[in-house]
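If you scroll down you'll find the structure; I have some questions about it.
Per-chain numbering from 1; labels A, B and C assigned in written order.
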Amino acid sequence: MSSEPGGQGLASTGRVSRLGDLDYAPAPESAAIVSIADAYGLYIDGHFTDPERHESFATLNPATAAPLARVARASAADVDAAVQAARRALPAWSALPGAERAKYLFRISRIIQERQRELAVLETLDNGKPIRETRDVDIPLAAGHFFYYAGWADKLAFAGFGPDPRPRGVAGQIIPWNFPLLMAAWKLAPALAAGNTCVLKPAETTPLSALALADILEQAELPAGVVNIVTGDGATGADLVDHPGIDKLAFTGSTEVGRQIQRRLAARGLPLTLELGGKGANIVFDDAPLDEAIEGIIDGIFFNQGHVCCAGSRLLVHEGVADEVLRRLRRRVDQLRVGDPLDKNTDVGAINSAAQLARIGELVAAGEAEGATRYTSACPLPAAGYWFAPTVFTDVAPAHRIAREEIFGPVLAVMTFRTPEEAVAKANDTTYGLACGVWSEKGSRTLWVAQRLRAGVVWANAYNRFDPASPFGGVRESGFGREGGRHGLEAYLDV
Amino acid sequence: MIAASGPGTAVVEIPSGSRVPQVASEAQLRTVLAGLSGVDAVGVAARAAKLATRSLKRETKRRALDLAIAMVDLTTLEGADTPGHVAALCAKARRPDAEDPTCPPVAALCVYPDLVATARAHLAGSAVRVASVATAFPAGRASLPVKLADVAEARAAGADEIDMVIDRGAFLSGRLGQVFEEIVAVKEACGPAALKVILETGELGTYDNVRRASWLAMLAGADFIKTSTGKVAVSATPPVALVMLEAVRDFAESTGQVVGVKLAGGIRSAKEALRYLVLASETAGSTWLEPGTLRFGASSLLTDLLLQRRSQRTGAYARREHVSVE
Amino acid sequence: MSERLDVRKTYKLVIGGAFVRSESGRAYAVAGADGTFLANAARASRKDVRDAVRAAQGAQPAWVAHSALLRGQVLYRLAEMAEARAAELGDHVAQAEGLDEAAARASVARGVDRLVWYAGWADKVGQVLGGANDVAGPYFNFSVPVPVGVVGVIAPADSSFEGLIDALVAPLVTGNAVVVLASQRRPVPAVLLGEMSATADLPAGLVNVLTGHLDELGPVLAAHEAVDGLDLTGASDPAALAALAADSLTRVLHAGPPATPEGGLRRLRAFVDTTTVWHTVGA
């Protein structure tokens, strides 16, 4: 047995230098594939229009902090125009045979597929997430959602909501910045399939892919007014929430804003879907498939820089394997490649905004101040833009802020447990309830745990998997209503 | 050696000074293997697929191609093999690219035992090693004395490395002690020659078995664990390679012993080979990125590696005829 | 020759399986539809709401740990008890709602029949509201409806038994515990149903019935953070209560049709969430 590499003279004498420690040469995707305009208007009634007050704001590339474009800031009057356009488009769209609506959605899905490289680059530029994720996750799933719901459009009577389900009407939809195009697809596809018309409000920091989607809707020749896209900040979103002309509101974002929206809409009894924050627990038992569990932990918290509402931001690991898991986890964290989001070998990209970076920094400082032990990857970070190195906290107490508050960044809080009961109790020790992971080779225990977790999604021996056919959404303060699957239709049908 | 017969009574002597766990009985071996973490088939496939998206460009790609060439065990294991054919392969092994002396030689030439002497003669004075399959390759269905005689013949003819096959039937029917005992015996018969233990993963059925067989072979003294003979339908796959690379990594961590991995069977393109290099690099670590610890058992792979290497240097796609035909 | 003086019953609260007076010691007079005095009922306080919610929280895990079949059988048992006391319920419904005897008995009968219908749902909602999802990957993926937890019910103001059944039983069928604020003017049938539920094998605390002033109790119940669902069917000011419920993201049902073949399953869906489980599939 060789005692060291090349022992017993096994290495050939024509010795070749090692590949090195993952010393990959830069492999950037070309940004030239996408053309970004200097300025964008609002997409209302099938046209790009200037906002009423001619106000605009810059959207940045978070990897460089350089501006990408100026985007219109919609006023209350602009939102009103969008809602009116959606209202005018509603009768014809909802009266269209489902099979015809389906064909529009199939078209949209196809065009997204055909333009997937361009959309992936655009999303990466505007959001900061790695091109590998936009290319392999965001854009294919966005196309998949349109394809999935296209198939429902002419089968609504079979969806289990009565023999003749009707659309709600005009849907107001507010989406977050973490999966911009995918969230637009999650909102638009079921709404359109069910015969609603939409006013979509993209996130302030990531409007570009939704505006590219407007172009795709044009290409698909979707009738004017069926989808209207109003860019802006929180005030624009509030104008949409308060608009008396909407029949439905769907919001994805923070629990705090979700609470405000529910309060604002309380008097109207308006149908509401809220997909809010989370503090997901990844539970690793001592019989877990450890190598895959380590990857699941990594995927759970570092996928999309941890900007994931269902992120596995708490690791609950059985005491018997805690040391082993942590040792492997640190090694794996050190391997993560942080940097240029356009590089195909980048694992962790840029934090989406300066504000989010500040929030992460504040909570990490709180973690240290409260006595948790911090481990941060020594990976080099780019000088410009917004960056945070992958971080793991151990010695975390359940009462620490980093164990309770959603950080929405690449920061993991590790705690241990001794029994399945304790694992469930600790996992449920949160006001949130979006997602959890369970890692074990023992099926009966996995299902026992899954039955007791208060979470809308439970991944067993996996984490952060998404599919158009799979309902997604939370319990308790992670919100209500489901997106995806048959369940996702309910939000947009008057049932 | 396993001294006594029958499960639960075997005793193994391990060289002193090693931190390799003492395997005193088949029962203990079973306990050690059962204590290994399970493998989730979906997770391991997902990880392998994710690593397959790594993009090797420019200097990294050039170095990786050279490295892959230097890791090739250029192999001919056909009934039609002749001394003439082996002689031609020896020339190729010493100087893979006739037009470019900067191209490194391959690691070894791998032949049947009866052609070891021919290979030895034609590789004299070169760094290229002679490897021989033995132990009733590829099925391994012979008695232990026959297998040991096979090894002895190859050794006597000058083989530097022995590629043995495990008894998959014994492994699958739970006769782990027997498999262990055979490897220990063959290792002893190898003397100073390096021992590569072929698990034939395509016949093991599960990733859990791949992990257990890897550990069994390493505990018994393998210098390399090798995926396949190339003679069954399923050979090396990225998830199997991942599981084996995890095994050598974990074995080195717990024992201090570095065991190599040989990926064999069905690897035909440079692109695949580079993906395996990425797998090795990001799983076991850069320590394994050299011919002493990572090999590709292949024949046609070398042609594609050479063509890609040429393209990297000229910037144009290479004409097939720039690589010799043996 | 004097007539026999009737023995009047004071209707107590049902909290945690026990019949209690309000911790505040207060009561209020309940009149019939014709204005005549019927009985005194306990006038629950803020603390009674707190106690009832706590009792519901404690009982709900035991209820959902029952097999769905057993939950259905327990609810059927409740229907049997209501049927056995149909005459008594009918008298109270007649007095409370001002119906003649036949109309009151018919209303009670419909309520009992509805209860039987709901009992049969217990082991079917999982199949109807859940199912397997065909995801594009090597995963077995299934969705199951899960109870939200504790549901606060502002009982219908007018339909003191029949309407109450929909509001009370629909959340129970899907595994929730319930705190009912009985109709302020017509509370007696609700208290009777609470009494029956306390003796019908329902876990103690699963059904809690509070009587009293809704303008006092409603906001406390709606704002209670441990109330996960809120049925506003009987609320006189649903908007205000819904706003209070928003602070803890409570699921709100703003009234709706009963879960019948005609009314759809909105009531059954109102207080369930969906948990979707993915499991890898590999050998």
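The definition used in the following text is that contacts are C-beta pairs under 8 Å (C-beta built on N, C-alpha and C of every residue); 3 or more make two chains touch, one makes a residue touch a chain.
Keep in mind that this is a model prediction, so the values were computed, not measured.
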(message) So using the touch definition from the top, which pair is joined by more C-beta contacts, A-C or A-B?
(response) A-B
(message) Measuring from CA centroids, which chain ends up nearest the centre of the complete protein set?
(response) A
(message) Roughly how far is chain B from chain C, centre to centre by C-alpha average, rounded to an integer in Å?
(response) 69
(message) Can you work out the whole-Å distance between the CA centroids of chain A and chain C?
(response) 38
(message) How many angstrom lie between the centres of chain A and chain B, each centre taken as the mean Cα position?
(response) 43
(request) Send over the residues of chain A in touch with two or more other chains. (result) 461-462
(request) Among the residues of chain B, pick out those that touch two or more other chains and give their numbers. (result) 40, 42-43
(request) For chain C, jot down the residues that touch at least 2 other chains. (result) 137, 139, 280
(request) Spell out the part of chain A that touches chain B in their complex, as residue ranges. (result) 1-8, 10-27, 132, 136, 287-293, 295-296, 335, 344-345, 441, 461-462
(message) Which residues of chain C touch chain B once you look at their complex with the stated criterion?
(response) 137-139, 280-283
(message) Which residues of chain A touch chain C once you look at their complex with the stated criterion?
(response) 144, 160-162, 255, 258-259, 262-263, 266-269, 274, 276, 443, 446-447, 450, 453, 455-462, 465, 467, 469-477, 479-480, 482, 485-487, 490, 495
(request) Can you check the complex and tell me which residues of chain B touch chain C? (result) 40-43, 45, 205-206
(message) List the residues on chain C that touch chain A in their complex, please.
(response) 128-129, 131, 133-137, 139, 141, 143, 146, 148, 228, 238-240, 242-243, 245-249, 251-252, 254, 264, 266, 269, 273-280
